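One chain, chain A, appears in both complexes that follow, with chain B as partner in the first and chain C in the second.
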Partner chain A sequence: MTRHLFMQELRELNQNVIRMGSLLEKSINDVIVALEKLDASLATEIIKNDDAIDDLEHQIERECIAMIAKQQPLATDLRKVTSIMKIVTDVERIADHCADISEYIIVLTKQSNVIAPKNLKEMVNVMKSMVIETIDSFVEVDGAKANQVIAKDDIVDNYFASISNELTEIMQGNKEAIPACVSYLMIIKYLERMADHATNIAEWIEYIITGTMIEGN
Partner chain B sequence: MTRHLFMQELRELNQNVIRMGSLLEKSINDVIVALEKLDASLATEIIKNDDAIDDLEHQIERECIAMIAKQQPLATDLRKVTSIMKIVTDVERIADHCADISEYIIVLTKQSNVIAPKNLKEMVNVMKSMVIETIDSFVEVDGAKANQVIAKDDIVDNYFASISNELTEIMQGNKEAIPACVSYLMIIKYLERMADHATNIAEWIEYIITGTMIEGN
Partner chain C sequence: MENNVKFQVRDLDLYYGDFQALKKINMDIMKNQITAFIGPSGCGKSTFLKTINRMNDLIEGVRIDGTIHMDGVNIYKDIDVINLRSRVGMVFQQPNPFPMSIYDNVAYGPRIHGIKKKSQLDEIVEKSLRQAAIWEEVKDKLKKNAQAVSGGQQQRICIARTLAVGPEVILMDEPTSALDPISTLKIEDLAEELKDKYTIIIVTHNMQQASRISDKTAFFLHGEVVEYGETSQIFNNPKEQKTEDYITGRFG
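Presenting the complex of A and B:
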């Protein structure tokens, strides 16, 4: 009976994590559009929507703590609940960074000589695929998919380095473009951090499945 | 008896968090010196020392999970253990950022036309005081001190904005200084994130004391 109730609550908890993942996916899709079109009103909307993700994070944390207190889960179940507590922190941080990037998008709409770095779109797409695959690997409890996410982190790091060089060259060639390039430098830093957080989540999914913590990050 | 054992384990857990805090304090002190003197060998040492903090984070996480499983704590005790699980993540991220900054310090030692931003030292000092006060407020279970930390976050954000403007001006006035300024831009971004993580920890300390989660971050 207790076990039955626990499984019921765990399913509801999972659903809330998946709901949080869906909200995050929407934010990421929106931020990609806002970044490409430099759409200040969409960026403002993303910042507003961040509150719902924050609220859901706190709700899930409270649910986790209540479940541990009431049901006193052991072994795999406890591992799952404590991992979810960690995962939602990273999900929330990725969403935070969508809002952080949106603030720079709004700044960019007011700046002149805005030249988007060549590989920005590719960098965004790899990061996005990492987040989506992380959510999928959570839903499907798929360790192989989680490992794919971890492997992709280097690709994002390489994009960060090459775009950072590109922006340095643009600034050296065009003084007027410097303020906008600084905005893009911050944006690619956030993109790189988002990929790091996706990697953290993938490592927690590995932990749920295997019981072994991956060192790193 | 179980309660007695739990209190014993909680004291040990607290000691490990404090140990982690001491290692972090050392990293921050070192990074301040390395940043001021642009000392590549000290920066290399900071990067190496980061492993010990990572290991301690995983050890504390395992201890928290084991304590929850074995002792099945309730109410305040459970809140304390789950909060520690969250706190160590932020402590580890701050330490990570010490290592991230150290990598940029090494880059700076190879760059020319390196001009340190005027208020960098002040920004570092405010961030450092936030981290130290956070650790203190944990040790002393001092909610007022935790609130002071939260209030300081805006000061660091303001430094970030003003130094970012200063670096933009330096770049506009001296093309040769651009690569080094990009390194400093990344460094101040990490400093700002470190202050954010200190704020997160302070909010968890508030939660341990009051049972109420502060919205934000």
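Presenting the complex of A and C:
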């Protein structure tokens, strides 16, 4: 087989994306626990860990640019290298939103009248499954799994709408609860955005596999 | 759509004796486009290029079946070779200017076709050298031997010589493989400019060159066209695994 160096570089690039995915998975698991328990110290840790994901994003971007400059990838290789450059941006955004949610978790621990919205846990779980399946579909080069993720985005959007309504109703009935409800409103917006970014990643994985670009959200 | 087809190739087979070098080639080559032929050495791409202006006819033992129509006319039956070659010019891998002045190189074809008047020849020479993007570099040394200028300039003089007989089609057989990167890009820019007036077919081993300048790309392997399509599709998302393996450089 020819192009040993390039194939080695592609393998390493793939490994780094998977490493970034593992770090993201940990942040998401932590943020779910911190959100449920309103754990300020875990939230602080998530914010700190975000730097590692940022660093990895920049490293992967530099590797992609170097490969384009030195190896002139074409066909599947081209789709893979360019898509990875897009994918890591979305991975980094999802991780950013873990940190953003963590900031609000810390705020919530200092607020009174804190009542978690009813379907928050379900919304979190669907978003989490989307991110996990996205990472799996990248690792396994599984287009069907990527399409499952894309299909789930509407579920998260629906949760966002219903939980917004629920929070509005709480605020209308209880002025004291408004600050905490605003925090939750921000949190569900971030959760909804995280699902959008997972969908973007799934669309790029689909592009790597089929060469077809899906009109995204 | 049909009117935009310059060459219609149907079931073309070519044999060198017992060896079949081209197998059932079917292809429509479009007017005013650049079509690139890519593929490993010995895949048949240059052989196919040469069938388009019948340069294989001279080789002993060559047999050709199938048809090539240019503007609806069968080039193996209904047109004589001299006429065909004045309409379908060719530029080769090694610049091959004749051992004579730059002026005489470019005027060679028109003179053969009977043009004797100096003012008319002057006009053709200047126009052809301008079209080949070399006029400014050689206008003060038209009497200089064409073999005494740089390789890149020689190749553009050869292109001017091709243009001087007023062809409709320019065949280029690896026209830049002997040139440095700057000369290569000049030839590529030139091809891009010329395609408004001419139909250009280029054989190249340089994949980046095919992807940079061509509208359509055909991938040849073992005498067959494995895939033929829009260049952006071929290089971004080829349909055939063999094309993918070739353009991504995976062999063995």
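Methods note: the second predicted complex is superposed on the first by the 215 of 217 C-alpha atoms of A that agree within 3 Å, B and C clash if a C-alpha of one lies under 4 Å from a C-alpha of the other, contacts with A are read in each partner's own complex, and residues count from 1 in each chain.
Everything below uses one rule, namely that a contact is a pair of C-beta atoms (placed from the backbone, for glycine too) under 8 Å apart; a residue touches a chain by one contact, two chains touch by 3 or more.
Small disclaimer: the values here were computed from a predicted structure and weren't measured.
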item: Residue contacts with chain A in the superposition, chain B compared against chain C; value: B
item: Chain B versus chain C as contact partner of A:Leu23, first or second or both or neither; value: neither
item: First (chain B), second (chain C), both or neither touched by A:Val182; value: first
item: Which superposed partner A:Val107 touches (first chain B, second chain C, both, neither); value: neither
item: First (chain B), second (chain C), both or neither touched by A:Arg79; value: both
item: Partner chain in contact with A:Ala40 - chain B first, chain C second, else both or neither; value: neither
item: Which superposed partner A:Ser164 touches (first chain B, second chain C, both, neither); value: first
item: Chain B versus chain C as contact partner of A:Thr89, first or second or both or neither; value: first
item: Chain B versus chain C as contact partner of A:Ala52, first or second or both or neither; value: neither
item: Touched partner set for A:Ala69, first chain B, second chain C, both or neither; value: first
item: Contact residues common to both interfaces of chain A (with chain B and with chain C); value: 72, 74-75, 78-79
item: Chain C contact footprint on chain A (complex, rising order); value: 1-3, 6, 72-79, 210-212
item: In the complex with chain A, residue positions of chain B that touch it; value: 54-55, 58, 61-62, 64-65, 68-69, 72, 74-75, 78-79, 82, 85-86, 89, 96, 164, 167-168, 171-172, 175, 178-179, 182, 185-186, 189, 193, 213, 215-217
item: Chain A-facing residues of chain C, complex; value: 207-208, 211, 235-238, 243-244, 247-252
